[in-house]
């Protein structure tokens, strides 16, 4: 049943490739703006690269969050999902996974390309992509709570960022920390393991409050 | 699969038969449900508030197998809220809803496996085709359907040539038909339909009425809100008025 | 602030709680004033100067109580909100909404006093150290709670949505705190570690008195705001009309 | 009494502006907040009284059911 929900979301996302592309272009544009603002010195760029790439990934995920529930809420399919004989938490878990596949994975795949702009070494690029790969599920999971809370609320898009960015800080710290450690050549295992812990917590615990928030929104 | 024994306890027999049987085996399947004469939806002293006002209070009724409940009343009388309470989406301010004698709040998924809700929204995705929408809602309801049954259900609702058009391209009435095609394949006993006949032409109205009649004959229950007078042939019909027509105390 | 009315159920309804809160508020204001005067006089007049930090350290008599209160009020808010969500007690949800602005104010005051304390000690208005940063994030959590409740019109849904956010926030506060601490351990450790208090006892008493003053103040102000919320939400009921003499 | 004269007390050993900066802001906050709250409460009471008076005038006050909305 969970696979049915995941397959459904993936098929819907593929039918609307424009949204998908918009999120990725946003990520590329935001990252490419920084060198223009900060200046071309490779040394400084290499220093700020982890932070810039991670914050851009954060914002890109945030941009695509409302899409997680808003369309289903508007055309009534969210009610049917809530009435499916499946715990709502699992349905939300499936949607978070689908959102991660559609939004998180492309970010992780694309990031090494953009890392080159900042002069990151090969090894750092691998760690960057790996950290993003591990971290983005947590972004989707925690973001689902924000998306569910602000469902059908006016000004919801802006509100999501205010609600969710504080909760994103641990993921940002460990994610950017991992890449920073790689750039400086020190061990990344500690960062990545903590990031993985956050992701597990995010993906397995976040859907339940999100489901509760959905139930309230559907009242 | 042949059933070797059937445990006749009040709420269990229906589930055993349902699980042991592949939904395709219609004939034997419905005979098993006739065995269960006491399928019951019992609602007592239901109360609903919206925006600080009390829409209705003290609403209660009992629905046995093969019975249909008409909910009518002016707009804003709380018909939709009552339906949403019955399907567990909206918790009532007071009162209780029991299915098989057990409150639905505690039943959770078990209850949701028994009911099919169709609200104002069509609950179909614009990007997907009617075929995909219907097979998806069937899978979500826990049914494994082969292609033939889905196509047959769609053609029954007059969508013969349009199975593979994205729903965006369909008219309002056709979208409603695509949503209602769900009833053609649904085997769940309790149907909660919120104005199913809106935006439908005469042919479609008769078809849906026939579907509901068949469902009632089959031993199912249905709660219906509608403004058009429609003749549903089978089943005992109860009526419940909400709002000004009713005498429920207005705050 | 977690006083529990003795007859729990009799005071669970806003109608019964409104007059009771009305009677208690003056007492809490009085207590806040007494503790305030005592704490400040100890802190500013009696306590000796500090060896390295000179007289500037006296800011801790304002900074530490504010930080404590901002953290404590968030926990109490999450407690009331969780109660409101679980048992649908409208009164406890109102209490949670009443606490949020005061908590946000204390978080802001903690940041303000922290910055003014940091300037003479570390030479910079804002220092990215673990405790100040997590205090900043706590302020964002408060603002998120208030903004979410303001954006939703239906009071019941606003309460429940706010409750979920508060509970998720409470679970995340330790994670945020330790991740920030892990990221930067510039801060001189917690200034009040009861095990090895590096401060003279008079300073300790001064700080505790100030903390009590802030606590009484928080109770008084949130009871007042809770009463205002009660009037607003129950304006269609008869007891509010009687309350206003109609 | 630690201080021997007022000017030392105010100067706070070269940290005066910082200490008093904190003190003033905190005191202001703890006075402003209740004042704002009292003002908004007064405005709410006026609004409610006006509303009830209007209702009383056009006879809506004669509600038949006594039960207050829980």
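Quick notes on this structure:
Just so it is clear, A, B, C and D label the chains in written order, and each chain counts residues from 1 on its own.
Please note the rule applied: a residue touches a chain if its C-beta (ideal position, glycine included) is under 8 Å from a C-beta of that chain, and two chains touch if they have at least 3 such contacts.
Since the structure is predicted, the reported quantities are computational estimates derived from the model, not experimental observations.
Here the two chains linked by the largest count of contacting C-beta pairs are C-D. A centroid comparison over C-alpha atoms places D as the chain most distant from subunit A.
Inter-chain spacing, taken between the CA centroids of subunit A and subunit B, is 38 Å. A separation of 50 Å divides the Cα centre of subunit B from that of subunit C.
Separating the CA-averaged centres of subunit B and subunit D is a span of 54 Å.
Separating the CA-averaged centres of subunit A and subunit D is a span of 42 Å. Listed for subunit A are residues 219, each touching two or more other chains.
Contact of a single residue of subunit D with at least two other chains is seen at positions 69. Residue positions of subunit B touching 2 or more other chains, listed in rising order: 52-53.
Touching subunit A in their complex are the following residues of subunit B: 84, 87-91, 108-110, 112-113, 115, 117, 119-128, 132, 136-137, 139-142, 166.
Across the interface of their complex, subunit D is touched by residues 13, 15, 44-49, 54-56, 58-59, 62-63, 66, 101-102, 105, 108-109, 112-113, 116-117, 119-120, 217, 220-221, 224-225, 227-228, 231-232, 235-241, 244, 246 of subunit C. Subunit A meets subunit C in the complex at residues 145, 149-150, 153-156, 159, 162-163, 165-167, 169-170, 173-174, 177, 194, 198, 209, 212-213, 216-217, 219.
Those residues of subunit D that touch subunit C in the complex are listed here as 1-3, 9, 12-16, 18-19, 21-23, 25-26, 29-30, 33-34, 37-38, 40-41, 44-45, 48-49, 51-53, 56, 61, 66, 68-70.
Taken in their complex, subunit C has these residues touching subunit A: 85, 137, 140-141, 143-144, 147-148, 151-152, 157, 160-161, 164-165, 167-169, 172, 175-176, 179-180, 182-183.
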